[in-house]
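The following pair of complexes shares a single chain, subunit A, combined with subunit B in the former and subunit C in the latter.
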Partner chain A sequence: MFDTALSAHDLLFLAKGAGVTLLVTAISVAFGTILGILCGVFRFQVGPYWASPVTFILDIFRSIPLLIQLVLANAFLGMVLKLRMSGFTIACGVLTLYTAAYCAEIVRGSIGSVPGTTRRAGRSLGMTWFQDMRYIVLPLATRVALPSWIGLALGVMKDSALVYVVQVTELLKSTQILITRLQEPLFLLMICGAFYFLISFPIARFGGYLEKRWSND
Partner chain B sequence: MFNYTFQWNQALARLPQMLDGALVTMQIAILSMAIGVLLAILLTGCRLSGIRVLQGFAVTWVEIARNTPALFQIYMAHFGVASFGIHFSPFTSLLIGITFNNAGYLAENFRGALKAISDTQSRAGRSLGMTPVQAFRYIVLPQMLRIAYLPMTNQMVWAILMTSLGVTVGMNSDLYGVTQDLNALTFRTFELFAIAAVIFYVITKVIGLGARLLATRLFRY
Partner chain C sequence: MIKIENVRKSFGQLEVLKGIDLTVEKGEVLTIIGGSGSGKSTLLTCINGLEPIDAGRITVDGTVVHDKSTDLNKLRRKLGIVFQQFNAFPHLTVLENVMLAPRKVLKQSRAEAEAMAIKQLGHVGLGDKVDVYPSRLSGGQQQRMAIARALAMSPGYMLFDEVTSALDPQLVGEVLDTLRLLASEGMTMICVTHEMKFAREVSDRVAFFHKGVMAEIAPPEKLFGAPEDPELQKFLAATH
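Entry: the complex of A and B
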């Protein structure tokens, strides 16, 4: 009834693409989160006036299409600075900054959601700033931040579909290569979409569950 | 410092063409947003309707839109439906893809907003003799749109950024498409895309500012 020219070898090719997607996502979310936490804490700590340069730079990553960020980074590093960098490195670098821009916003918001009185109480018990951050802000802010952070990580996974512009063959690009060869767009796109969906949907559900559970108490 | 001569003049000479492209970008974003809001309201209505089939339809739409890349959705609207013998122009495919995405995200925002509107309100409406549709239209909907205003402006910015994906289905009249065509002519990749980036930045800022001004005008009371 249903006939396809898709071979096991092609499926392996798709799986490789999926692996690249996951790898790019994992690297950029890991580094982006670290950078984002640093920027977010910095922005919260020094106030809007002194943090404005950082805010401005991070805002750029949220106001320009990712596609253009990738092309620009590629052109700047390759043509202007004449560095030999692999597309994979550039993709990870740009996505890291992209993640950091959103993560800083989440971190700043969640630190702000910790009541000032709670923090002052900690400080008046003799805690240092760092202890206050570690034992009071971190547990409380994580509850607010984690659901949005999960959403962000999934968003980065979906946006990593754009890294094909810097010659990284991730899942969607490998699907497209197969489409060109096999001429079965619908079937191949279904497989590709199902992969994204199967990863994203359960995690998104879990994020929603955490949000619901943590918002009531 | 750099072993590279910037040639901004060449790139700036193409600015009028790029601004024309920016207009197309705006047009797609606004259209997709307008249709997306209408569809999202319909989807929300489906969810509230209590009819299983409609609820399933709405949930499927929202979950697919939210859990797959926008680029995938645009591919689907272009190459996917081509398997059924339907061939859309790049403009239409892009519009369908973004609208599908917008409607999904907006419907989810609306669902969040609905939680903030107490159930007693629509029951009060019903007891005044309104039909369920009337109660939704005159009591729930205005409040829902007001609560979801900020997420809607964010979605608008997303829509602008998503138009750049049209180039993958052969769109060449929007800002990104125009820039890429010019790049093929002149090879001033960095300069051209830097200008495009600035235009995108300005557009998103203007929309953010405009939305805030509109909010003070709309929500005075």
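Entry: the complex of A and C
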């Protein structure tokens, strides 16, 4: 059907790129979520006034385009601080903070969605703040947060295409390399899109599955 | 014994408790009546330390509630409280709702907590609902579950904060029956309520709160039969 110069070796090259995309995303989403939960709980707990420095920093990471963050972070770490960090490390670092900034908002909103009266009932049974968080707030807030969090994870995965600017050859960059060589942009972009879909779809479905499983109550 | 001495409490400019003195003996059933904003619910949340107080002192079995050195989480095990809102934990089944605090707070074994939960759920008439989620229960059933949840901690005192106010009229009876049962078993109870008939029936003493002051306290026959305070007379006339 297609008359193409694409070889099995090239497909493997793309698959490797997809692997890098997946790895960068997994690391960033994992650490970003942990950091986001900490920041979100902190913001909820201390109120807007005391949390304002944290809020401000998170807002920076939410407001500035990721591409600019990556370039600036790369330049700052390498040229100003003279640190010899790999592009992969910088990419993961920046994407982690980027994820954390969005995740903190999701966490803050989800905790706020748990009725104060429900939490008060928990505390009045003698539960500590931590027990209330662990056994009442966490399960209830997770249900609220899940759809937004899945959206965030998928968003970060696609945004990770920008890490090519710090010399990380992920899926999109791999595709571009092949396009330059084979001159078959549409066909290659289709394959690239299919790879993205293959990664995203299970995550989205897994989210749907969890939502359904938790809806029994 | 719960001893309340000259307790004052303000929310901003509004003073909701203006020096309350009240002692509740072990085994006593005290009901508190009064209009909205009279401070009766606030007093309950002060007793278990959910709300700080501005002045005065509350002691429960000799422990000063608002003392900095008091472990409130430990104290609250003694003080079961049920609120107007049902406050079920929606992600847990009825049984798990009741078992949660005994397991995590009292560190009971699963078997121990489950046995206690089943006993208390049977006690409030929910023996056949242990495995359903709270969303499948009526308001009255949810409220009885909340009572069982508090009882599972084996508290020395039960505080009821307008537990029937959010219920449909036809569901009020089943919850009041549960309270009657507890009272007849000798549980020490403080009930904030708008149910005058119930207050008259179960109470050893009834207190009338008006604008942050305990205007009158007396056994029910006296308080309902021959009220002295003019505000109480007005209140009773309006509620009859």
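Assume the second predicted complex is superposed on the first by the 199 of 217 C-alpha atoms of A that agree within 3 Å, B and C clash if a C-alpha of one lies under 4 Å from a C-alpha of the other, contacts with A are read in each partner's own complex, and residues count from 1 in each chain.
Methods note: contacts are C-beta pairs under 8 Å (C-beta built on N, C-alpha and C of every residue); 3 or more make two chains touch, one makes a residue touch a chain.
None of these values were measured; they are calculated from a predicted model.
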item: Subunit B versus subunit C as contact partner of A:M85, first or second or both or neither; value: neither
item: First (subunit B), second (subunit C), both or neither touched by A:P185; value: first
item: Partner chain in contact with A:L38 - subunit B first, subunit C second, else both or neither; value: neither
item: First, second, both or neither for A:R143, with subunit B first and subunit C second; value: second
item: Partner chain(s) touched by A:A26 [first = subunit B, second = subunit C, both, neither]; value: neither
item: Subunit B versus subunit C, judged by how many residues of subunit A each one touches; value: B
item: First, second, both or neither for A:K158, with subunit B first and subunit C second; value: first
item: Partner chain in contact with A:I177 - subunit B first, subunit C second, else both or neither; value: neither
item: Residue ranges of subunit A touching subunit C (in the complex, touch as defined); value: 115, 117-118, 120-128, 131, 135-136, 139-140, 143, 214, 216-217
item: Subunit B - residues contacting subunit A, complex; value: 2-4, 63-64, 66-72, 75-76, 79-80, 82-84, 157, 161-165, 167, 176, 189-190, 193-194, 196-197, 200-201, 204-205
item: Contacting residues of subunit C [partner subunit A, same complex]; value: 48, 50, 73-74, 76-77, 79, 81, 83, 85, 87-93, 100-101, 104-106, 133-135, 146, 149-150, 153
item: Interface residues, subunit A side, partner subunit B - complex; value: 60, 63-69, 71-72, 75-76, 79-82, 154, 158-159, 161-162, 172, 176, 179, 184-186, 189, 192-193, 196-197, 200-201, 204
